[in-house]
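Below, each structure is written out as structure tokens.
Next come two complexes, and both contain subunit A; in the first it sits with subunit B, in the second with subunit C.
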Partner chain A sequence: MSLEQFLQYVLSGVTNGSIYAMAAIGFNIVYNTTGIINFAQGEFAMLGGMTAISLSAFLPLPLAIALSVFLVSLVGALVDFAFIRRLGKPTVLNMIIMTIGLSIAIREVALHIWDEKVRSLPYFTGTEVSSINIFGAYISPQVLWVLGISGIIVAGLALFFRYTLTGRAMRACASNITAARLCGINTRNMVTVSFMLAAAIGALAGCIVSPITQTQYDCGTPLAIKGFTVAILGGLGNSAGAVAGGIVIGLLEAFSISVLPLAYKDAVAITVLLIILFVRPAGLFGKKEAARLKEF
Partner chain B sequence: MSLKKVIITLLCGLVMPFAFSCKKTGGDAIKVGAILSQTGPASFLGAPEAKTLQMMADEINSNGGIDGKAIDLIIKDSAGDPEKAISFAKQLIEEEKVFAILGPSTSGESMKIKGICEEAKTILISCAAAEVIVNPVARYVFKTPQNDRLAAERIYDVMKKKGISRIGVVSSNDGFGLAGKEQLEKLAPSKGITIAISEVYDKKATDLTGVLTKLKARGVQAVINWSIVPAQSIVAKNMKQLNMNIPLFQSHGFGNIKYVTEAGAAAEGIIFPASRLLIAESLPEDNPQKAVLVKYKQDYESKFNEDVSTFGGHAYDAMLILTEAVKKAGADSEKVREAIESIKGLAGTGGVFNFSAEDHNGLDINAFEMLTVKGGKFVKYEQ
Partner chain C sequence: MKKYFPIAALAVFVILFQAAASLAGREYYLTQLTMAGYYSLVILGLTLVMGYAGQISMGHAAFFAMGGYTAAVMTTHDLAAGGALAQAAVSLGLTVTSTNAFGAKIIHFSPWVSLAAAVVLTVSVAFLIGIPILKLKGHYLAMGTLGFGIIVYRIVLGTHLFGEADGISDVPEFGLAGGIAVSGDPASRVQNYYIAAVMVILTITLLLNLVDSRIGRALRSIHGNEEAAGAMGVDTSRYKLSVFVLSAVFACVAGVFLTHFNGGIGPSQADVMKSVSFVAIVAVGGMANLWGALVMGVVLNFLSLRGYFGSYDELVFGGILIFIMLFFPDGLLRAENFRGPAALLDRARSVLKRGGDNGIS
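Showing the complex of A and B:
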């Protein structure tokens, strides 16, 4: 394999990996405060993309994206107010089934608001035919936007969890929810914040990938499945793990294409996931003790 | 009782007898079932097909039906799921006792219900392209879209004239993609074309830079993409991003201007075979299809305010063929079946149909025109 090809596969892997990582981070945020996997996470990305596309018809692009992210985070809050809060003493299974139901409902609503057609946002810079030469490998300028914005999100989240009161309160919920409650943290509100944050990140991810991957009412599910795989691989609840897991899966997929038929791409990723889980059941970066304390 | 309620009750009283009388004369209406993927991954096929059928049925009924018999159209949404198509087919045949079934939209679904319709002696006019639907011939099964083989032949002919002999093929892993891949591989040797690499991608694929990098490394002179899914636009965009400046050929699945819009500047210069519907207005006046194409295009576009697509055209042809046969033979399914087989020179949107007992598709290689994209529009491809 020539250097150019090698580089091309690396770039392709890292791009897809960072998209997966964004989805995984959304899973992790909600998991940390509630202990559930929010299967509607992919739908947040779809909603983000679709809303921004509609708004971009009469708003400048950055404003349309910002407004879309805000609106979808409100949807996240609504999900919590309307459903999660109303469950008296929900079991983990209750809540998971509820999020699966929600993901189906959101998809159907999107089908009725928009329609079955594929749409996409315009490229942030350049057009469909722009191409940037990096040492012989070629990428779309949009790839740089994807990498840049995911980097900023990860860094921003790290700062948020470390240095703000809300962020710290959410971390407290993650390590021990009863203790967090005893310290006077309103854990219910933290759940709302986590849903809003996850929805906002999902929506932003949905916007920045839209020019490349295109957006359709049912495009959330495949993304959610990949995001879930990555979250498990990196260790549930671990944001750095999600980034590493995403890039590992992305690179594996890209390089599997270079030697195997494309059809085996997903099989390769899943096989590696299984092997890692046999060796390290808590994921690459998950702590064994933490994994035991969680309800599953 | 409020005034509103009184009015509603009165209205109900007025309408009810009509409702019942409608039911009673139901024997006079011709029940036509349609199984279309209005939603789901193949919705870009099923949605325009359903709209087209409804539009045609309404038009026929407002003109007094066929020989005074109204068409009672029952559309079922299979969401592209073969299992749903099977249960709808059974429901339409056994419970609704339909006269004929139009659709399904996809080849996979059509193959699943081919046997069911044949056994129940219910006429099936499929809107899906795969040749296996009518080859081997089933007595009651017809289809309107052109055969994949003809599309593949047209593409190879253009390639030969351009001096292209070494190509890469990518196709989607659904019925349409796999059938096309098979035809391309079968025809290549006889046309002097070498397929250096043939890859299949997931029908929901959103990024194909990896596989295109592989094609690029094999030094192919052109790429053929065979699918009906949105990935058609992604292939075009990814190729430009990878700086692959070789011609991209697509299948007749590309005949939807939406995909051109999605691919934007990357769609320019794509070459593909398609029915003449896409260039209806610019056809010469003496083209036998011109009248029907322009009428369908204008009716559809003024009614639904969206661009017409060849897929809706397949449903148009299905309804056209059925109504022509019923006009000739009356509402008797065996006679109508024979009448369809005897149709000659019927100009539809997909081409001029010449059916026979052996040919249940009725179209030849002239049904396709090679088109290309210029300035965001479909135009005739000139060598």
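Showing the complex of A and C:
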């Protein structure tokens, strides 16, 4: 393999990996405050892409994306208000089935709003044929957008959780819910905030990849499965782990294409994940307790 | 004896439904009911794993597909051009000759041989994958089993032998005994309906007895608290593994029969959403409730296969999941849900008034 080829695979792997990391971070934010995996996370990305595509017909692109992210975060709040809050003392499995039900429902509503057509946002800069040469490897300028915006999201989240009152309150919920409540934190509202935040991040991720991967009503589920894989690989609830896990999975997939048929791409990353789980049942960076807590 | 009363009632219902469908000239209903019956075998097996042993499996469609694809490959692959191994199979009497859709004669494995091979394959895979995977817990177990399902789906979809995206068609009928055969021939619709019904009745009788036995009590103790069960001398990992393997066999056999009934199999049978729908039906059936799982499994699959909801089919399924988790989180088929409309209205009101004091946060 030549250096250019190697670089090409690395760039494609890191790009996909950063999208997977976005999805995984969405899972982690909700998991940390509620202890549930929100299987509708992928649908937030699909809704974000679709809404932005519809809005971009009569709004400038940055405004369409911003409005779409805002609207989808409202959908996230609605999911909590209308459904999660109404569950009475649910088991983890009940909550999983609930979010699977929501995921199916959102996807099917999207099918009836936007039909089956494959759509995409325009490239943020340039067109689908423009490319940038980096040490002999060619990438689309959109890749730089994806990497840049995911980097900003990760950094922004780190600052949010460290320096804002809401962010700190959410971390308190994650580490000890009873203690957080005793400190006067409204843990209920933190759940709503976490759903909104996860939805907003999902929607933004859905917008920035739309020019590359395109958007269809059913594109959420594969992304959710990737995000779940990455979240588990990095250790549930660990967002730095999610970034590392995302890049590992992205690179594995990119390089698997050079040895195995494309059809097996999805199976390769998951096989590696299973092997890692068999050796380290809590993922690469997860705590042992986290994998034991909150069982079914 | 009390346990067998509902089984007798089921048998009576099976007969009455067939009689009514035939009298009304709507025997085609039986086709979808037969298919729903086979799917409910998977769901019953999964109920044992989820409801009684408390272990989630989001990859059971993989076992169904293993059964179906093994049967399909072995009964459609022409051995006439094969090498020494094919010769040996022929001379051992493991093969039969039949005519395919193009009128050509082909020599292929007997469906009995492929059924046995499918079961052996499934038991081995479930056993080998079950040992490490059942050590995982909670969401990690969900991911592990989901991952296994995806791997099988991708293999099926990407391998030439399994027909890739087209699947395998022209699967011959499966002659059981005395002229009774599992086949999609409209003339033997009633006969096939009864084959599926007998399979369902046998399965539920077996499982009802199993959960009422020493094994069933051991499983429930694992569900309640795995450490405590272990401390009481229950070999938890062995029980979890045996139940996992047993439920995989049910899924595999269902796959074999349905493939012969449909005359083919496609990759959608191995899809992740299929596994998810099996899990969801066990949950809406009430988790540790074999009858609930059977009723929900047959009813939901029947309605969906009949296409009553058209393009809203999936939406209705999602809606049912949400509705049952909100209003009947312990399943529909419970005595407390049959105390008249006033009690139900009360429950609806209390759900809508709930402000989130539910222990999630």
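In the analysis below, the second predicted complex is superposed on the first by the 289 of 296 C-alpha atoms of A that agree within 3 Å, B and C clash if a C-alpha of one lies under 4 Å from a C-alpha of the other, contacts with A are read in each partner's own complex, and residues count from 1 in each chain.
Keep in mind that, in the parts below, a residue touches a chain if its C-beta (ideal position, glycine included) is under 8 Å from a C-beta of that chain, and two chains touch if they have at least 3 such contacts.
Since the structure is predicted, the reported quantities are computational estimates derived from the model, not experimental observations.
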>> Contacts for A:261 in the overlay, against subunit B (first) and subunit C (second): which applies, first, second, both or neither?
In response: both
> Hey, is it subunit B or subunit C that touches more of subunit A?
Replying inline: C
> Which holds for A:277: it touches subunit B only (first), subunit C only (second), both, or neither?
Replying inline: second
> Regarding the shared-chain residue A:138, is it in contact with subunit B (first), subunit C (second), both, or neither?
Replying inline: first
> In the superposed arrangement, what residues of subunit A touch both subunit B and subunit C?
Replying inline: 111, 261, 263, 266
>> Under the stated contact criterion, what part of subunit A meets subunit B in this complex?
In response: 1-2, 5, 8-9, 12-13, 15-16, 111, 115-120, 127-131, 133, 138-140, 209, 212-214, 216, 218-219, 222, 253-254, 257-258, 261-263, 265-266
> So in the complex, which bits of subunit A are touching subunit C?
Replying inline: 33-37, 83-98, 100-105, 107-109, 111-112, 173, 177, 187-188, 190-191, 221, 225, 228-229, 232, 236, 261, 263-264, 266-267, 270-271, 273-274, 277-278, 281-283, 291-296
> Once bound in the complex, which stretches of subunit B touch subunit A?
Replying inline: 38-41, 43-44, 47, 173, 199-202, 204, 206-207, 209-211, 213-214, 217, 230, 233-234, 236-237, 240-243, 258, 262-267
> Where on subunit C is subunit A touching in the complex?
Replying inline: 50, 54-56, 132-133, 135-144, 146-148, 150-151, 154-155, 157-158, 164, 272-273, 276, 279-280, 283-284, 287, 311-312, 314-315, 317-322, 325-326, 329, 350-352, 354-361
